[in-house]
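The same chain A turns up in both complexes below, where it pairs with chain B and then with chain C.
Showing the complex of A and B:
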């Protein structure tokens, strides 16, 4: 045997890496749950199909969420197998991902397209996307970063195309695939250049290397960082890389839109926070200003773009672009307060974005479509949907007594204290513009009914069964009401989340060594 | 010898890439891409990245490109030259040139420093198959596992999308065409 091998190879002594199975548990739960969901969906029978598969998915997400919550604030920022750090910063975002997926699993539960496409596959892909996000928020290695980025993206491409009845869905999935692949390729270029400039893929090693040598002027590194940021900006729909967002969000099945509008942004921001604490910290002066300019462009483009939208999904897509701009401010500021504001606003954003999407799904099921018109008369017809929608719109606009207000105040405060006062001004201007379209929705909801009667497009609703009132979908109402109630609760009594957010900020500072 | 090989491979790589874009016939474009890929693998070999060179040859030239050729031949793309109507003609060159500029900036700024030297200071066996294998099982175990999981997910996604081609059974109720409909 020895003779067959070239000399030198035999001496390679491979020591198995220490895999910390305990801390890795949530990832195993998610990965196993996704596979288990597939198998459960093979059990025959309509009841089994309709109940067991979603229940398995929900149980998986609940279990993962419970583990995340239990591990929170445990003083054990262990590095797992050299490429993951499941620290508190990651855990807070992980809870956001899993909770959003839970809400979406409930929203999608009785969707008809789900039966055609296969419940098992749908939920399995949903869980896998969550797994990718949780890995991304923990990644401390460029290789792990890229692969978890793909693990997040590929299920979403498929999910976007998962409504087999509509060609728009396929178009949406294809568009997302092409743009997403471009973003991945650009990012991969950037990662390769960062590796070339620093000679390592580990975040900590890169940070060490950059701290030792004045590599800040190395064009290879700077171009790499630039390409990495462009790739991430594509994913988080930061202007001017946002053009795909409205089309994809409009074409995708609404539950999927709800899921990706909040979670992909959260995942990218979690990664950006980690990058800005570690490997990118030494070159902060170079990229912070670029990101600041991008953030302000994003705020303006998103808010102005949303003004003229008739489709609520398109409007929420542009609104999501604007919100991505607000959230980026937290990364740009880069102080503990900035990260705390980012985490707080992210949590609120998930709530106040999922609420409207639950309402839109309810309207679509009632045959009213996702247009602004479909909202008319909702206030009289279904107050339990109208109130959550109203509250969430007000919260998105950042008006007081809602969590959205507190979040924006925190962001502005962080910007001002971090010497980025003009970014704070941008947030305020953006919020002022945003009133123009959020309040339009509120007006449509509470407008007197006779406006609808004179509407020439009213026959669209003619096919709608009057019996199919939104009350037939209690789970949608539950999600919408819960989201709105929590949004208000966070506006009135924000302390508990503030504590958590401040803690995240401290964790961020501690990361910066 | 190394220099000669380098220049042959470099000319092949650049020429192949240019030919992919310039040739109007998809079949020849794919063939040009094969030339490009093979030249790249020679460049990898010159950089002592034997594993990468072999992988490039086997995976891209051997599998992916042959698949492309089959597709182009079967679908009959050769009869229809690529038509780029609808996209502004100037856009692609502008993007390409700006990308070239950015990469030249990156490589010219720091890569040229090593021009006269023997390259980076690498350990013996760096990039050898044994080395890569060891890394995949130790330091990069987790990314390795993620990659394998990714393939599973891609298969699941492909199954899901294939349902669209199988055709859909007619809806049991007319109202269902609105997506959710009344139940």
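Showing the complex of A and C:
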């Protein structure tokens, strides 16, 4: 040891970081709101339980969202001695997380799992997961990265299992816990290798260190980067690390599936964008081609896997795998345009994914289950659910007049301009395959039904809740209609979101310098 | 003593954990294997921290221990909930969610 460590190096000074309370306000709001929601849920009485607890959670998320929106275009690139960066890139993703959580808080309001696990606990865990995601999108330090990664994961494991008496929910929770923890462990080992190769945990210091040395030849660093990317690929359900996705998404309570299917992907992609601008930039040649291959495999596997699914939650899980592939193209391209396209598509994806999940929740509560068969005759029964579902399916497939089309055009454009034209071709091929399953849903909704009445295997009773409500809840219709309306609005007037996306792209370019 | 020995040991422990996670069927043993993987990373972090003379790695390892405890708490809680539902505590028995049931 003495040969390795000169005397004096063993005593290392630890300086406590100074905490800037102002810039960190949104994090304190979210953490305080999570604790407050738990306390409010202790107040007795049905009114307090049914109204006060959700309202506290919604108020917390609204407050955090307002702070994020005000901070936009006033970036603070170094918070907590360089551990966090609250720049436009992070803030746009933070708004996505908080808005998705708001929609999910509304969707979950009257769901069964809330009664099972307790309203305070459910909303508190939801807000904690949002806190983890907002921290992850701002992380500029390996320690902050790992900690926020776990802060977003652990509440989601519990939320997946929150239907405590349903075996599928428990199975989903346990599977997610084991796979998610495996991903964290692999990622952590990668972080340890990167730390060993560079001797620092700060993203900028690592980038400086790698820019000075011939990094590509250091096996320690390359192993570390590889393990880090594998861990992140697990979390973002990138093929071939996606096998857990359909099982977990199907078993989890539907509002939880709606939340994690969009936001965990967004969080991991935000982190990937930041990593690719900073510490991973010097070794870009080593990993860009790997990610490109993974993205194209993901697009094919996700779209082909979705074709045969009868459960809509499973279908949307596979569709989510495919969407992760599309989004990954933005990271691979690594230009300002690529990041802008990624941010735009992410915003649209949140909308066009939340709409269908709101409809699925409504169908489940009506006792029709989450199957494709539960959609039959929806066009005649409940047009206010059928139209949003149709619009969102068309948007997910990427047809014009929707935001999904503009997003895909931007991604293809970024791929072609960034000399990754074959990835653009993959996106187009994937979209063509995806029409096969998205249009099946549209057909089920609008085609006249003949055999439904005489079909004894129709799962009308299979997933039925004895206390099922016959009519759809108005808040579900509101979320579905709002999501579909915004999807169309973004297809017709994409300019205002494009401006924001361009800011994110510019931030990305500035990070690289 | 060179740092290579510490890294080699940590790689061996990590591999034992990963192999155990893939081959064992009891969720309890799988949680133990996860702990092995996390602690292998801790060993690497502390070894690198000494080699670089930088405290960040040791602090990182402490934080990892706290996070590992949180994961195990959630995992054990889930296993208790599954036991209460009278399900077999065997990972191969969890086949309610999979492709191609319909």
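Points to keep in mind about this one:
Criterion: the second predicted complex is superposed on the first by the 477 of 513 C-alpha atoms of A that agree within 3 Å, B and C clash if a C-alpha of one lies under 4 Å from a C-alpha of the other, contacts with A are read in each partner's own complex, and residues count from 1 in each chain.
We adopt the following convention: a residue touches a chain if its C-beta (ideal position, glycine included) is under 8 Å from a C-beta of that chain, and two chains touch if they have at least 3 such contacts.
Every value quoted in this text rests on a predicted model; they were computed, and no experiment measured them.
When the shared chain is aligned, no partner comes close enough to touch A:481: not chain B, not chain C. Within the superposed three-chain model, A:188 lies in touch with chain C and out of touch with chain B [touch as defined at top].
When the two structures are aligned on the shared chain, A:172 is found in touch with chain C, with no touch to chain B. Contacts of A:384 after superposition on the shared chain: neither chain B nor chain C is touched.
Of the two partner chains, chain B is the only one that A:148 touches; chain C does not reach it.
Partner contacting the larger number of chain A residues, of chain B and chain C: B. Of the two partner chains placed by the overlay, neither chain B nor chain C lies in contact with A:69. Using the contact criterion defined above for the overlaid structures, shared-chain residue A:128 touches chain B, although it does not reach chain C.
In the superposed model, A:219 lies in contact with chain B only, and not with chain C.
In the superposed model, A:162 makes contact with chain B only, not with chain C.
Residues 9, 12, 14, 143, 147, 150, 154, 157-158, 161, 164-165, 170, 173, 193, 196, 199 of chain A lie in contact with chain B in one complex and with chain C in the other. On the chain A side of its complex with chain B, the touching residues are 8-9, 12, 14-17, 19, 31, 34-35, 38, 80-84, 110-113, 116-118, 121-122, 124-125, 128, 131, 135, 141, 143-144, 147-148, 150-151, 154-155, 157-158, 161-166, 170, 173, 193, 196-197, 199, 218-224, 226-227, 361, 364-365, 367, 369, 463-465, 467-468, 472.
For chain A in complex with chain C, the residues that touch the partner chain are 1, 4-5, 9-10, 12-14, 142-143, 146-147, 150, 154, 157-158, 161, 164-165, 167-168, 170-175, 177-178, 181-182, 184-186, 188-189, 191-193, 195-196, 199-201, 246-248, 250-251, 305, 308, 310-311, 314, 371.
Contact residues on chain C toward chain A in their complex (touch as defined above): 1-3, 7, 10, 14, 17-18, 21, 27, 30, 34, 37-38, 40-41, 44-45, 47-48, 50-57, 59-60, 63-64, 67, 70-71, 74-75, 77-79, 81-82, 85, 87, 91, 94, 96-100, 102.
If you check the complex, the residues on chain B that touch chain A are 102-103, 105-111, 120, 124-125, 128, 130-131, 134, 137-143, 146-147, 149-150, 152-154, 156-157, 159-161, 163-164, 168, 175-183.
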